[in-house]
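Chain naming follows the written order as A, B, C, D, E and F, and within any one chain the residues start at number 1.
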Amino acid sequence: MSTRKPPADPEADPRVQAVFDDIRATRKTDFINNLWRALAFDAALLERTWGEVKALMATPTTLDPLTKELIYIAVSVANACSYCVHSHTAAARAKGLTDAQHGELMAIIALAAKTNHLVTALQVPVDPAFDAGAA
Amino acid sequence: MSTRKPPADPEADPRVQAVFDDIRATRKTDFINNLWRALAFDAALLERTWGEVKALMATPTTLDPLTKELIYIAVSVANACSYCVHSHTAAARAKGLTDAQHGELMAIIALAAKTNHLVTALQVPVDPAFDAGAA
Amino acid sequence: MSTRKPPADPEADPRVQAVFDDIRATRKTDFINNLWRALAFDAALLERTWGEVKALMATPTTLDPLTKELIYIAVSVANACSYCVHSHTAAARAKGLTDAQHGELMAIIALAAKTNHLVTALQVPVDPAFDAGAA
Amino acid sequence: MSTRKPPADPEADPRVQAVFDDIRATRKTDFINNLWRALAFDAALLERTWGEVKALMATPTTLDPLTKELIYIAVSVANACSYCVHSHTAAARAKGLTDAQHGELMAIIALAAKTNHLVTALQVPVDPAFDAGAA
Amino acid sequence: MSTRKPPADPEADPRVQAVFDDIRATRKTDFINNLWRALAFDAALLERTWGEVKALMATPTTLDPLTKELIYIAVSVANACSYCVHSHTAAARAKGLTDAQHGELMAIIALAAKTNHLVTALQVPVDPAFDAGAA
Amino acid sequence: MSTRKPPADPEADPRVQAVFDDIRATRKTDFINNLWRALAFDAALLERTWGEVKALMATPTTLDPLTKELIYIAVSVANACSYCVHSHTAAARAKGLTDAQHGELMAIIALAAKTNHLVTALQVPVDPAFDAGAA
């Protein structure tokens, strides 16, 4: 159940088709997941969003591909985005995430949430030593 | 300005002193940041929290130390914990985070937040292919 | 699946019936959505909540009705309230939201989330020029 | 630094004065904290908000006054509202919160945040036994 | 649909079995809810998490058992954790939560969220009187 | 205090200078607020972010400019981004937000937060009538 009906035949729009073709070529799969189908109602929004995802997540950069997925999962969990947690956990698995690493990811996310809430509850003042501008 | 006055002389309590000594030994520094001073009102809470942080963040595990800090920062940003963002960015710098990697981290956190909100706004249904139980 | 069973015959309580009647009259429909049924366990809470919604969202004020729904959707997305996103998107549609406007709403919510997270990650200090007290 | 300059002489408005008088009488103090001064720009919003706070938090109900403050603090921490954490911790102290109880509150909030994030990260399905509608 | 398949026979691992036995003994029931089954992939994480929950939530402390569940629910609602809201509402019911108390809990959580957002929208400055360090 | 020191002379980089020039020309002011100075460490991130903000917020589209700022504020409040609340409230004022409209915005954001939390606490099921795919 979604708030906007995805287009029945999204690739009838050549701009959508071009994005879907690029997703398939980049990921070497025929599978187009629901996020991209959902965004197909607006070719410009689809192009920009995929463009960002491709540039950051599917292109070699200074951080390795698996680390980038772990960061993405961490944000998605804290923002309570069920879909995003599912899709990026699947992506991390595809990029080699082991069971042990997944267990550690769970533990770090949980620990960060714990200290985030402790710090906010106690209103701990930031140490001056952490000021990047003072370096 | 905090919601609980930290003990004036926390190390008068030998359990607190033992934790502070372990923090100094583990991190090879005399600096005890405000989180630990703030938790010193309750030795048991301090011991458990430091115990978890040490075991996950200051002990070799399957994820490398820098990756673990990036995950911690990501959760802390999404939970809007200013103190935590400051302290873990400093920790990541100490573990070798480069300027370029920091820029990428910013971009990935921002992109994840963007797609988290898009997905929630559109209420995109989870693809059955992402079900770990189905494998 | 909810955490409290809604009353089987909510309108047996005359205070609940009066609220439901007012909802039907105000909205010119027989449809009472689940939020109001869920709140019917406590007539006072139901009355106060509907009273606020009616006064702000179903009464002419300085902001136009559609704008008010878009604000409501924006908060609901950021708070990850699936039900609220669904119900207020439907309300916005009923008040004339076009496909193009909906696409823009998606893009603005996503962009705001992106810069919210960037600003929190970088801990950007507030410009003194933004201080309303200084005007 | 706030986003709206509070009125310089809020009690020049008799409706605001009436609310401030009621706050002073209810709380048996001359102190009007900044939230109420900030809301004084709109007498109706001030009246409604104080009315709700008074009815729930300053009137005997089935939950005891201290428990109600602890619930309020818990929500405020999770919503990262620094002002609210400060003001309701002060209120809880005024209602008898001991140091030991405050320490427990910190630990429970932290633990809840931890399991909240674990559950979201693992996407644990709700047990049918928790369905209130099934009873 | 979860992001990690729970072990088919979790109690084949004696450490998991020991935790499950302790849950059953502590709660005086044969029911092991899905959170513990989901965590069974990592015996150490399961032991630590149950250990914390048991020590805080299932052991007499200075706060009474029902109050502790209400705090837990409050955090879980604000963090939008559907599973946690369900499981801790069921736990609160088991510890004696009445219908009237549940209605009040709903109202307080809702009011706290309202003033949290008002305060953040107005950026109300913290009153110096709330500074615990000044006492 | 920020987590990354902004460049001392950002416009020494011609790409940064081009963005700053465009901000000044678009907004018809010499004022460059701290967000853009903070992003100047990475010209590409600055260009993309300003490009999105300009296209959505400073270019005529189907939603009027003030409505777009109100949506932006609403998301920023719910995400607890102090800087963003300040900067977009100032922007809304510059685009004609009246005191009365600002008061309504406060009330709607607060009401949405209230019902968001009520719905999550009660776990109200989505009405089938809200399913966009069923239309």
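Miscellaneous remarks
Basically, a contact is a pair of C-beta atoms (placed from the backbone, for glycine too) under 8 Å apart; a residue touches a chain by one contact, two chains touch by 3 or more.
Note that the coordinates shown come from a computational prediction; the quantities given were computed from them, not determined experimentally.
The chains that touch chain A as well as chain F are B, C, D, E.
Set against one another, D-F and B-E show the most C-beta pairs in contact at B-E.
A straight line joining the Cα centres of chain C and chain E is 27 Å long.
Each chain gets a centre from the mean of its Cα atoms; for chain A and chain D, those two points are 34 Å apart. We define each chain's centre as the mean of its Cα atoms; on that basis chain A and chain B are separated by 20 Å. Residue numbers of chain D whose C-beta contacts span two or more other chains: 1-4, 49, 52, 75, 77-82, 85-86, 89, 105-107, 109-118, 120-123, 126, 130-132. On the side of chain A, the complex with chain F involves touching residues 1-6, 48, 52, 126, 128, 130-133, 135. Of all residues in chain F, those touching chain C in their complex are 1-4, 31, 33-35, 38-39, 49, 52-53, 56-57, 61-63, 67-68, 70-72, 74-79, 81-84, 86-87, 89-90, 98, 100-101, 104-105, 107-109, 111-127, 129-132.
The residues of chain C lying in touch with chain A in their complex are 80, 85-86, 89, 99, 102-103, 106-107, 110, 117. Put simply, chain E touches chain F in their complex at residues 73, 77-78, 80, 82, 85-86, 105-106, 109-118, 120-123. Note for the complex: chain D touches chain F at residues 1, 3-4, 41-42, 45, 49, 75, 79-81.
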